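Two complexes, one shared chain (chain A), two partners (chain B, chain C).
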Partner chain A sequence: MAALELRRLSKSFGDHQVVDAIDLQVTDGEFLVLVGASGCGKSTILRLIAGLEKADAGDVRIGGHSVLDRDPGDRDVAMVFQNYALYPHMTVRRNIAFPLRMARMPREQVRARSEEAAAMLGIGELLERKPSQLSGGQQQRVALARALVRRPQVFLFDEPLSNVDARLRAEMRAELARLHQRLGATMIYVTHDQVEAMTLGDRIAVLHQGRVQQVGTPLEVYNCPANSFVAAFLGSPPMNLLPAAATPWADPLGANAVIGFRPQQARLGGSLQGRVELVEELGSESLVHVRCGDHAVVLSLTPGHGLGPGEPVGVAVEAPHLHHFDRDSGVRLP
Partner chain B sequence: MIAGLVLAALAAPAAEYTWSAAKVGAPSGGASPAAQEPVVLRVMTHERWFAGFAYMEQVTEQFEREHPGVKVELISSSGGSGSRDKIKFALAGDLPIDVTWIDVTEFSSFLEEEVLVDLQQYFDADAEWHEEEYFASILAGMKDTRGHLYGLPSTFNPYVMYVNRSLLAEHGIAVPADDWTWDDLLRIARQVTRDLDGDGRSDQFGVSLTQWLQAITPWIWQNGGRLLDENGRVALDEPATIEAVAFLQSLLHEEKVASDDATFANQLSVSLFQAGRVAFYGPVGFWESYRFREIQDFEWDYLPLPRGKQAATAVAMRFYCVPRTARHPQLAYEFVRALAGPVMQRGLAQIGNGVPGLISAARSDAFLDPDTPQREEVFLQVLDGARFMPIRVNWAEIQDQSAALLEQALLLNTLSAEEACRRAAAAANESLQRRAQIRTRAPLGKGWFLAAQALVPLLFAAWLLLRLPRRSRRGERHAWMFLAPWAIGFVFLLAGPALVSALLSLSEWSPVQDLDQARWMGLDQYRRLAADPTFHASLRVTLYYALLAVPLQLAVALGLAMLLQRPARTQGFARTVFYLPAILSPVILGAMWRWILDGDLGAINSGLAWLGLRGPDWLKDPSWVVPSFVLMSLWTVGAQMLVFLAGLQGLDPRQIEAARMDGAGRWRRFVHVILPALSPILLFNLIVGLINAFQIFAQPFVMTQGGPGNESRFLVLYLYDQAFRYLRMGYASTLAWVLLAMVALLTLVILRTSRRWVHYAGRPR
Partner chain C sequence: MIWLLIVLFLLPLVWMVALSVQAQGAGLEAGMASFPQGVHPENYAAAVEQMEGFWHLVGNTTLLTVLSIGGQLFCCSLAGYAFARMRFAGRDVLFMLVLGTMMLPPQVLAIPQFLLYRELGLIDTFYPLLLPTLFGGAPFFIFLFRQYFLSLPAELSEAARVDGCGHFRTFFFVMLPLARPVVGTVAIFTFLATWNDFWSPLIYLNSPENQTLTLGLAAFNQSYRVAVELLMAASSMILAPCVLVYFLFQKVFIRGVRLSGAKG
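Then we have the complex of A and B:
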C-alpha cells in the first residue's frame, strides 16, 4: 500500500476546465471519498490517477513517485467501474485471473490467488459461470475480486454502487467497509451519494466545478462546512441558507452575510416568523416547509407536532448551530 | 445469390412455353397487322458499339417509311465478351426477337437447336433477290448442308497479317511479297526481335500472335490439316494440325520471336503493335484498322497470311438472321435484306467494321479507300483461300473447351503441342459424343416440371390449412397475413423453381428449346461432374481463392474498421471513401482492375517499375491470377468493414479500459477483449465472405474469361459457361446444386465449430 498525492493536477476537454489545479494528499491505507454533483470532475480525477486520461498539468505521485509517464497497467492501481466492465466472454475465474495472466504469473499462483480473492468476496461457487449468468450484486463482487487479486497499491472505485438497488447498496457498502478494514489498502472512492460518502470515507473531499471545496473527516465537513456550497451539498434535507437581513439573528458582519442552519437543529417557537406550506411525514422525522417572507426553510421535527399548512409558526435556532457565510464568496465566516 | 442462380437457371420454365403465333410456317405474305395497331419489329443489333449505328438508324428510318405502320425497335446487345450470350438469353427467355445477329462460329449450334428460320423460301419468293450480288464464298458460311440460306452478312473479316512497314524499313528489311511463306516470317521475325532496354527480356518482337481457335485454324489449313475428318470427328489431333501448332509454339517459346500479348482478352487494350514494337500482328481481321488508323508514329499495311504448304485463311463473320421467336418473319426477312443492302454495307465498310458482303460495296471506294495508305484489297485477294469452320459442329463451344488447352501450349508452354492437340480433340469429340448421346435419351415431359413447380405451393398450402384452423393459433393467423408477401414470393419464385432446377440437374435441356425437349439423364450428370476435369480445376481455383481471400478480407476489413473508428476530423470522409468501392458495379471494377493489373502498362507494374522492380504479368501468369483477384477483392471490403465498425462502436469502452488497467497491451487487448467481443460479427462476415467467395463471377467474367488455361475458371463462371454458352442448363443446374451443397456444408461446419469461439454474451447489466 502507498500514499497518493495529486499536485496542481489539471485537465480540460476543449474549453471546459474539468479539473482545475487540484492538490490532494491521501495517506497510506486511507479511504478517501470524492463527492460532488455530476460533472464536477470527480470521475476525471479518478481516470487521471488511473492513467486513462492524460493530465494537462500537475503530477500524480504514488508511493512518492510520479506515475504520469506510466501506462495504466504499470501504475499498480486497480479500478472498479460503475458498470463493472467484466469481460463477458470469460468465466468468472478467467475474469478474476485476467490481470494476473497479463502479468505472466505462473499458472498455479494465478489459480491460488484468484480462488483466494473469490473466496474473500464469497463468490467461490460462481467461478465457472459467465457474467451474464450472474446477478448485479454478484457481478459487483467479481469486479471487486478482479481488482483486489492484483494486490495493488491503490484501489479506485468509480461509483460502483450506483447501478444496484437500495437494499443491495447498503449491503455492499458494509462489505466495502469491511474489505477496507481487512486489507488496510489505500482507496479512492467516487460517488455523488452523500450517504456513501459519509459512511465509507475516512475523509471526504467535496468537489465543485473542478475544484476541491473542502477535505476533512465526514463530521468535520458536516459540522463545519467550509463554504455555502459544501453546506448545501451535504446533509438531507440540505442546510437552510438565508440572507442575514431576512433573519432576526445577530450578524457579526452586518447585512453582507448568509446565515445557515440545518433542518434538524431548528425548534419551534422562535423569532423567525413564517407560515407552514407543506408537511412531509417520513416516519422517523417530519419535514415542515415554512415560508418566511421571500424565503423557504425546512425544519426536521419529531412527528406529532400537530402543525398543518397555513399555520403561522416561529422558528428558533441556538446560536452555536448557526453558520455564517460571506454572501459573495460563500466562504465561511469565523 | 444461390437462389439467384437457381432462378436464373429457371428463367425459362417460369415463362410461357409456346412459341406463340410466330412459329414459322410458309411465308405468310408478311405482316397483316390489325388496323391502327403498329407492328413492332424487334432487332437485336451489335452495331451500337461502333459508329455504324448511325447507318443502322438510317436504314431503319427508310424501312419504316417504306413499311407504314411498322415500327423497328433496335435492341443493343453490344458489349464485350458477353454480347453473344445475350442473344441466347433473349431466345431462352422467349423474347419476341424478329431479327438478330449471330456469330458464324455458332451457326451450327443454332441450326442444331432449330432456333433459326430457314430463309431460303423467302429468298426464292423474292424477285429482287440476286444471290450473285454477294460473295459466294461468304454466303456459303450461312448455308446449311442442303444449301439453304439462313441470313445475310453484316460484314465479314478474313484473317490477314498487319505489318509495321516503318519497323521493317528501320531494320533494312523489305516488306514481304503477298506470297510470302512461314520461313520468311521466321527469318524476318528473328531479325526484328530485340531486347531494347537490356533487361534480358525481349521487348520488340517479330510477330504478335493471336491465339484463339479461329485465329489458329489458318495455320492448320495452310499446313494441309483439317478440323473435321470424313466421319465428322474433330481432327485436331492429326499430324498436320499438331505440326502447325508446334510451329506457333516454337515461334513463341523456342525462337522467342513472337509475343503472346495478343490473347483474346487483350483485344481491347493497347497492343504491342500500336506501340510500334512488333513487325507483324495477326492473324486478325479488318476490325483492328478501326483503332490502328489513329497510329501516327509509323506506317503500317495489310499482308496476306504467310503461306505454308498452301495459302489459306479463316473468316470471322457476324450475320443477321431470323430466329423462330420472330412474330413477323416476312418483315424480318425484309429487314435482313435492308441491313445487307448498299447503305448499311458501305457505311460499315467506311468505319472499319469489316469487309462488306455486298460485292459492289466491297469493290467501292467506301471500302477500297484510295485515300488511305493501306491496301484494303488484300482482304479481297485472300478470299480465294478463305474458309469457314465446317458446320455441324458448335465451334464456339469447342473453341472454349480447347482454348484452355491451346493456352497451356502456346501461352504457358506447359503442354507440348501434341498433347494439347490430342487433349483438345478428345475433349471436343467427347462433347460431340455426349451431344449425340443426349439425343438418344427419352424426353422427360414437361408435366414433371410443372408438377415440381406446383408441388411446393400445394404442400405449403396444405401445411397452412392443417395448421391454421386451431383456435389457439389466432395470433399466428395474423402473423401469416403479414408474412404473406414474403411467403408467396418464396413459394412461387424460389422454392418452386428450386425444385424444378433440382429436376433439371437430373436431366439435360437447352434453354433455347421448349421444356418438352428436356431429356432424362438421372445421376449421370452428377457422375459426369465428378469426373469432369474442368470442374476439378474450377473447384481447385475457387477453393484456393476462398482460402486466400476470406481471411485476408476479414483482416483488412477489421483493420480498416479499427483505424476508422478513431475519432478524427476526416472520419466521415474516410469512412465514405473506404466504403465507396463496395457499391461500384463489379463489372466496372473488373474493367478498372484489368487496367490496373495489366502486365505492361498497368498502374501496379508501372509503380513497381518506378521502384526498379519488375511486377508479374498479373492476369496472365497462372500463379498470379488468383492472387490478383484476391488483391482486388480486398478493395471492396467496405460492407464487411461497416459491419465491423458497427460492432466496434457497440463495444463497451470500459472493458477496454479495464483491460488497460489490468496490464494488457494493445495486442493483448485486441486478442483477449476486442476480438472475442466481435466474434459474432466475425462469424457473420466469415460466412458471408465465404459465400461471396464461392460466387465470384463478374470480375473473372470481365477480366480473364477463366484464363490463362483454367486458372481463373471459378465455379460460377463455369456454371455460366455451361448454361448460357453451351446451352446445357441441366448440367449447369447440377453444378448449381453441388455448389449449394458445398457452401451449405462449409457453413454448417463453421457454425458447428463457432460454438467454441463465438461469444454471444451481451454487455453485463
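Then we have the complex of A and C:
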C-alpha cells in the first residue's frame, strides 16, 4: 500500500474546467471518500489517478513517485467501476485472474490468488459462471475480487454501489468497510451518497465545481462545515440556511451573514416564528416543514408531537448549534 | 403470398438442380419434367471430369476465400477499434474519408488499380485480390466494427487498461471476443463475395493455374458443345458451399443483415 498525493491537479473538457488545481493527500492505508453532486469532477479525479484521463496540469504521486507518464496498467492501482465492467465473455475465474494473466504471472500463482480473492469475498462457488448468470451483488463481489487480486497500492472505487438496491447497498457498505479494515489498503471512493461518505470514509473530501470545498473526518465535516455549500450538501435533511436578518439570533457581521442549523438540532418553543406547512412521518423521526416568512425550514422531531399543517410554531436552536456563513462567499464565520 | 414468394425464389435453384440430374442431351426444354425418367447423379462426376482442373480451381478459390476472410477480419476489426476507441488527431476526418470511398463504384477504380498492380508486377498473382483486404479495402466492414465497438460500454476497455492491457491486448482479449456477431457477419459476407467473385479474378488472373471457380465455370460454359446438364451440375457444385454456409449460419447471417441494414 502507499500514500497518494494530488498536486495542483487540473483537467478541463473544452471550456469547462472540471478539476481545478486540486491538492489532496491520502495517507497510506486511508479510506478517503470524494463526495459531491453530479458533475462536480469527482469521477474525473479518479480517472486522472487511474490514468484514464490525461491531466492538463499538476501531478499525481503514488508512493512518492509521479505516475503521470505511466500507462493505467503501470500505475499499480485497481479500479471498481460503477457498472462493474466485468468481461461478459469470461467466467468469474477468468475475470478475477485477468489482471494477473496480463502481468504474465505463473499459472499456479494465478489460480491460487484468484481462488483466495474469491474466497475472501464469498464467491468461491461461482468461479465457473459467466457474469450474466450472477445477481447484481455477486457481480459487485467479482468486481471487488478482480481489484484486490492484484494487491495494488491504491484502490479506486467509482460509485460502485449506485446500481444496487438499498438493502444490498447497506450490506455491501459494511462489506467494504470490513475489507478496508482487513486489508489496511489505501482506498479512494467516489460517491454522491452522503450516507456512504459518512459511514465509509476515514476522511471525506467534499467537491463542488471541480474544487475541494473541505477535507476532514466525517464528523468534522458534518459538525463544522467550512462553507454553506458543505453545510447544505451533507446531512439529511440538509442544514437550514436563513439570512440572519430573518432570524431572531445574533449576527456576528451585521446583516451580511447566513445562519444555519441542522433539522435535528432544532426544537419547538423558540423565538423563530412560523407556521407548519407539511408533516412527513418517517417512523423513527418526523420531519416538520415550517414556513418562516419568505423562508422554509425543516425540523426533525420525535414522532408524536401532534403538530398539523397551518399550526403556528416557534423554533428554538441552542447557540452552539448555530452556524454562521458569509452571505456572499459562503465561507464559515468564526 | 409468402408461398408464392418462396416458389419464385426457389424455382431457379430447383430448376438448376433438376437440370443437373436429368439425362444428358435432354436439353433445356425437359427441365423438371425429366424427373420421372430417372435421376443421373453421374452428371456431377462427368462435370468434374470435363471441367478442366476442377479441384485446382476449388483449391484456388478456397485459398483466396480463406485469406480474404482472415484479411478482412484482421484489418477491419483493428481499424474499427481504432476509430471507436483510440483518440488521435484527425480521427473523425479520416473516418469520413474511409466512408467516402464507399461512394466510389469499383468500375471507376478498376483501371487505375489495374495499372498500379501492373506497375508492381502483380498481375496474374493473387495479390491484387488479397492486398485490398489487408489495407482497408472494405470500408463498410470497418464501419460495422466501429459501430459495434462504440455500442460496447467504454468501461470494459478502460477496465482492461487498468488491468494492464495496452490497446492491442485490450482489442484481442476483450473487444474482439465481444464482437462475435460482427465477426460472423463480416466472415459470411466476405465468404459470399469472394467465392462468387467473377469480376476481379477476370481482370487480374490470366493463367489457368491461377484461375478460380467462377472463371472456370465461365470457361466451361463457353467450351465447345458442353451439355447443359453438366453445366448445371458444375453450377450446383459451385453454389453448394454458399447454400451450406447459409443454412449452417442462418442466424448469424440474418443478424448480420439486421446489423448492417443491408437488404436483398
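As a convention for this text, the second predicted complex is superposed on the first by the 334 of 334 C-alpha atoms of A that agree within 3 Å, B and C clash if a C-alpha of one lies under 4 Å from a C-alpha of the other, contacts with A are read in each partner's own complex, and residues count from 1 in each chain.
One rule holds for everything that comes next: contacts are C-beta pairs under 8 Å (C-beta built on N, C-alpha and C of every residue); 3 or more make two chains touch, one makes a residue touch a chain.
In this text the structure is predicted, and so the values were computed from the model without any measurement.
Taken together through their common chain A, the two structures put chain B and chain C in a clash. Of the two partner chains placed by the overlay, chain B and chain C both lie in contact with A:73. Once chain A of one complex is fitted onto chain A of the other, the partner contacts of A:289 are absent, as it touches neither chain B nor chain C. In the superposed model, A:130 lies in contact with chain B only, and not with chain C.
Put chain B and chain C next to each other and count what each touches on chain A; the higher total goes to B. Judged by the touch definition given at the top, the superposed model places A:139 against chain B, while chain C stays out of reach. Comparing the listed stretches 6-14, 24-32, 96-104 or 276-284 of chain B against chain C after superposition, the clashing one is 6-14. 50-52, 71-74, 77-79, 81-83, 85, 87-89, 98-99, 102-103, 146, 150 are the residues of chain A that lie in the contact sets of both chain B and chain C, per the superposition on chain A. Residues 50-52, 71-74, 77-79, 81-83, 85, 87-89, 98-99, 102-103, 146, 150 of chain A are the ones that touch chain C when the two sit in their complex. Within the complex, the chain B residues that touch chain A are 652, 654-655, 657-665, 668, 672-673, 676-677, 679, 759, 761-765. Those residues of chain C whose C-beta lies close enough to touch chain A in the complex are 153, 155-156, 158-166, 169, 173-174, 177-178. By the touch rule above, chain A contacts chain B in their complex via residues 50-52, 71-74, 77-79, 81-90, 98-99, 102-103, 130-132, 134, 136, 139, 146, 150, 163.
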